[in-house]
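Some structures to go through are shown next.
In what comes next, chain A is part of two complexes: it sits with chain B in the first one and with chain C in the second one.
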Partner chain A sequence: MDWLTILTTTVHAAIGWEAVVYGLAAIGVNIHFGYTGLLNFGQAAFMAVAGYGLAVMITVFNAPFWVGIAVGLAGAVLLALVLGAPTLRLRADYLAIVTIAAAEIIRLIFRSVYFKDIFGGSDGRRGFNADFYAMNPYPPGHYGIGPFGFNERTMWLLTVGWSVVLLSCLVVYLLMKSPWGRVLKAIREDEDAVRSLGKNVFAYKMQSLVLGGVIGCFGGFFYGLYNGSVQPDVFGTEMTFFAYTIVILGGAARVFGPVVGAMIFWVLFVFIGNLLAELVANGYIPFMTSIQVGPIRYALVGLGFILLLVYRPQGIFGDKREIAIDAR
Partner chain B sequence: MRDDTMTTSPKKAAALAAFKDLPREPGVPKPDPILIADNVVRRFGGLTAVNVEHVEIQRGSITALIGPNGAGKTTFFNQLTGFDHADSGEWTFNGRKMNGLPAHKVARAGMVRTFQLTKALSKLTVMENMRLGAQGQKGESFFRALVPNLWRGQEDEITARAEELLERFKLDAKREDFAGSLSGGQRKLLEMARALMVKPELVMLDEPMAGVNPALTQSLLGHVKDLREQGMTVLFVEHDMDMVRDISDWVIVMAQGAIIAEGPPDAIMSDERVIDAYLGAHHDAPLSEEELQAQLHEAEAALEAEAEEETAK
Partner chain C sequence: MTYKGAPLRRAVIAFTAFLGGLIFLLASPAGAAADGEGLRGTLRLQGQPVNGVKIVVTTEDGQPVKEVTTDAKGQWEVPVPKAGKYKVTLDVKTLPPNAQIRGGNPVRTPTVYEGNVSTVLFALEPKAAAGQQPADSSDGGQFWRRAAQLTFEGFNLGLIIALAALGLSLIYGTTGLTNFAHGELVTLGAVVAWFFNTGIFGLAGMPLIPAAILAVIVCGAFGYLQDRLFWGKLRKRGTGVIAMMIISIGVAILLRNLIQFFFGPQTESFTEYNAQAGITVGPITAAPKNFWAMGIELAVLIIVGLALLKTRTGKAARAVADNPALAASSGINVDRVIRIIWTVGGAIAALAGVMLGLSQFLKFTMGQDILLLVFAGVTLGGLGTAFGALVGSLVVGVFIQVSTLWVPPELKSVGALAVLIIVLLFRPQGILGRRERIG
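Entry: the complex of A and B
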């Protein structure tokens, strides 16, 4: 049993790039679902549009890095407007259906043969992160304590990534304490009541969709920058559902819920996976092969979340009183 | 609560004086109408839910809108407040055209409604519910919300006003509780208090007494009367006739989508048209023993004739 590897990978997962990417996606979902009550099941599309915006601008059009970022952001805003305009007047469940379909449409366009010259088909795009790492102020080396630590490239990505995460949390904190956030929370409770009090519900929902989409789209940037590539199938529905799981795990409508949720989610995911792999490799679980570890890991994590919803439906940071009100 | 059942307050007297010599006809013009609606029609497929030719609501009065189930009262309410669109028709509020306006603009114009099924915002505290009602909040714009100094002063003013209202509605002890933890009657009170945060001129209450504990009824009635005392106009839908008699200055009766009668509350209950609408036109047709016999004979004769025809064939 290689306990050291299990331990280091687990610690790395808590603060690694996955926690950043999924944390940002979850902060966006938290604004949509946790605060406004919008069931946006297309969060992966916002990340895809951003990741591809950056990748395509640099690799295909030879544009500078910041133009790529700008195009990615503009893409996310545009997607929110296009997605929201026809659907935000509908009931919540219709929005869920439309957004999940839109996300799939976008993924299929990115992987289509017709647009292979631009988006690169199912292989996606690679080789667009050189400019980002050229800005790296860390000299080459190992940063960390003993076996825990990252190389200078990962350090740079994580520094920027966690800064964006904290900045997003600050924005969410300020907004949700303000009258603006109060309108959002009120819309989640009952939008007709909010209308009857003279608030333009549609405009607020749209602002919420744009804000959550833009924060989520940074997750798409960091995915592309860390991996040095984007592929269409990365941005499938699974990514959106992971983000939802993280939000519920951390506690919906809590500022740090999605961040802590993302950390715990990846710690559990990596820990269970590596532990099982080691146990199987050392013959402690004779009825399993190492190939089966992957699927079993999903099953166990799923079981964990079922138990969470049964025994702590409000999540880590949630307020039990709020759940009690729903049950009335 | 002030007791104005014994002594008639000046506002009530003024409202009654305005209605004094009005003919009791549907669509009768009022001396100083705040709301005028013309030819408002709403159809659901083949069903005409609302078909109001003309109606006026007197400023500074409490007007009740009554009618049997399915008369179209709530649908008419929804149209006036922008929650449902009308197929045709137009209405003005304070002389300003209101048809086609979305609900939030209707509310901003000063016409605020409550709902039959109370809409307390459960997971917001009572105080947050109240603050939401205030209009023109600087902190409700996205970018200004990020800088608390821009809206904190206004928020304090809003809070002070909300506290005053909560005290009046005896909800001040609950200010930090979730609205979802209140009782049905308290929610009605909160909804009414929240509507007042908008500073409306016309308050439209959709069944304010539905689901309210009898102990709270009197208090709620007092609050409705109080609205008139403060210079607001009240239009409400209600089924409880005792309440209608107790607080309204004028009653408008709807049946099958149309306004069939108007009048003061003590007279309207004995109006032929109203009784017909509620109980059916022939509910009191005499059905004596002789008549019954005669009808039976008629029916028997008809049956016999039919049987003879059958055998003849």
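Entry: the complex of A and C
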């Protein structure tokens, strides 16, 4: 049993790139679902549009890095407008189906052979993060204590990533304290009451969708920048559901809920996965093969998600009265 | 909301125990996946495996690695020494005379990643017979022949979708649950039938037809138990429909990955009815199994439809779907009706899975992949209506297949999903739904 590897990978997972990517996705979902009560099941699409916007601009059109970022952001805003304009008037379950279908449409288009010249088919796009790492101020080396730590490239990504996470949390905190944020929460509680007070519910929902989508899309950027590639199948429905699991684990409608949720989620996910893999490799679990470790830990995510929603829908920090899942 | 902890906790423990039981039921050596890197693929022509085709694998700079021919399932696999780029050439001369590669290029250059087996795609299409023009829309006769063939295939797909959609729609109608885990019932049916078909516990494999019947029974029982031990308890507890919908996503992830645990990530087919010579009826060519499958699907749908119209339970089910409170106050045992619907829904979803596995192939994501099409069918017909789901599914199936006349086949689902969105926008109650269900 290689306990050291298990320990280091677990500690790294708490502050690693996965926590950044999924933390950002979850902050976006928290704005949609936690504060506004919108069941957007297409969060992965926002991340895909951003990741592909960056990747395609740089690899296909040879555009500068910042143009790629701008196109990715514009893509996310555009997606929110296109997705929201017709669907935000629908009931919650219809909205869920429509957003999930829209996310699948985008994934299928990205992976199609028909558009392979632009999006690269199922292999996706790679080789677009050189400009990002060219800005790295850290000299080469190992940063950390003992076996814990990262190389200079990961350090740079994590520095920028966590800065964006904290900035997003600050934005969410300030906005939700403002009158604007109170209207969002009121929409979650009773849409008709808000409408009767003369507020334009549709406009508020749209603003919420755009804001959450834009914050989520940074997750798409960081995914692409860390892995140096984007593939269509990464941005499947599972990514969205992980983000939901994280929001509910941390506590919906809480500023730091998604961040803490993402850290705990990835610590558990990596720890259980590595522990099982080690146990299997050393023959402690004779009825399992190492290939079966993957499905088991995903199955555990599903089980955990069910148990959370049944027994503690408010998660770790949430307030039971503020959960939108019993509404309507 | 108050906590009624103890009974619910028992319920969840029972549900978990049940899933554990399922684990042992299904426990069998998982498919021996090859260690290390490799390349593999499956050749199919109109859903039928193509065997005896020579595939040559070389490294990027032309060093030969291995030559293989596809087996009876149309599959081939070549282990490669290390990760990297490889060149895979399909020997066009060994293809059946009626087949050609779509796009015409017989060479693929896949990249194999460390520890992964890459799948190489060669899409085959029927070749126009000698002397005829290749099919294109300018040639009227060919176009209509193809349209007729695709319409037939569309009905085939639509009937499968309808089987799954009927259960989904009835469950929605009676309980308000938008069940995202319904696709996994479809997969489960196919996989259970496959395990019976190929043999488990050292049990010899049985022919597909009894295996399919057993799978339908097992999945009907699973549907019953799922409601008895899980959803029913949640309903009693007063869990909202939105909460249940989100919970169903967790159930979907759990079931899908448990299925993958036992079944493995690869694609499989049943041991029988794989390579059947097509028979031609008018403009349509299809394997006999497709006609049989459609006949069975139609028969089941008609039986369920008649049961809904004529039997006491069926009438009760429609009454509950209309108005649960009113139904309960007029003496209908709502819980019993819902349980029957879960049982029947699970059973016919399993049948849909078997039929889907028969006409395509089996994979642990097959139900997930068809779920959105099922939603499209259900919404198009009207969420909560039984006959609407039928009509909607047929429309979706035909639309998907016929649309490949104009759009690339890989994007055919995009059209169906776009239709789903458009329907929700302009007529959210669907074709047969009532106005009050509007979103």
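As a working rule, the second predicted complex is superposed on the first by the 312 of 328 C-alpha atoms of A that agree within 3 Å, B and C clash if a C-alpha of one lies under 4 Å from a C-alpha of the other, contacts with A are read in each partner's own complex, and residues count from 1 in each chain.
Methods note: a contact is a pair of C-beta atoms (placed from the backbone, for glycine too) under 8 Å apart; a residue touches a chain by one contact, two chains touch by 3 or more.
No experiment lies behind these values; they were computed from the predicted model shown.
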| item | value |
| --- | --- |
| First, second, both or neither for A:100, with chain B first and chain C second | second |
| Partner chain(s) touched by A:167 [first = chain B, second = chain C, both, neither] | neither |
| Partner chain in contact with A:306 - chain B first, chain C second, else both or neither | second |
| Which of chain B and chain C A:186 touches, first, second, both or neither | first |
| Contacts of A:201 with chain B and chain C, given as first, second, both or neither | first |
| Which of chain B and chain C A:177 touches, first, second, both or neither | first |
| First, second, both or neither for A:298, with chain B first and chain C second | second |
| More chain A residues in contact - chain B or chain C | C |
| First, second, both or neither for A:322, with chain B first and chain C second | first |
| First (chain B), second (chain C), both or neither touched by A:130 | neither |
| Shared contact residues on chain A - chain B and chain C | 325-326, 328 |
| Contacting residues of chain B [partner chain A, same complex] | 81-83, 102-105, 107-108, 112-115, 119-124, 128-129, 131-133, 135, 137-142, 145-146, 148, 151, 155, 178, 180-181, 191, 194-195, 197-198 |
| Touching residues (chain side chain A, partner chain B) in the complex | 171, 174-175, 177-183, 185-186, 188-190, 192-201, 207, 211, 321-322, 325-326, 328 |
| Of chain C, residues touching chain A in the complex | 1, 8, 12, 16, 27, 30, 33, 111, 178, 234, 239-243, 245-247, 249-258, 260-261, 264-265, 368, 372, 375-376, 379, 408, 410-411, 413-414, 417-418, 420-421, 424-425, 428, 438-439 |
| Residue ranges of chain A in contact with chain C within the complex | 39, 86-87, 89-98, 100-102, 104-105, 108-109, 111-114, 123, 237-238, 241, 244-245, 287, 289, 291-292, 294-296, 298-299, 301-307, 309-310, 313, 320, 324-328 |
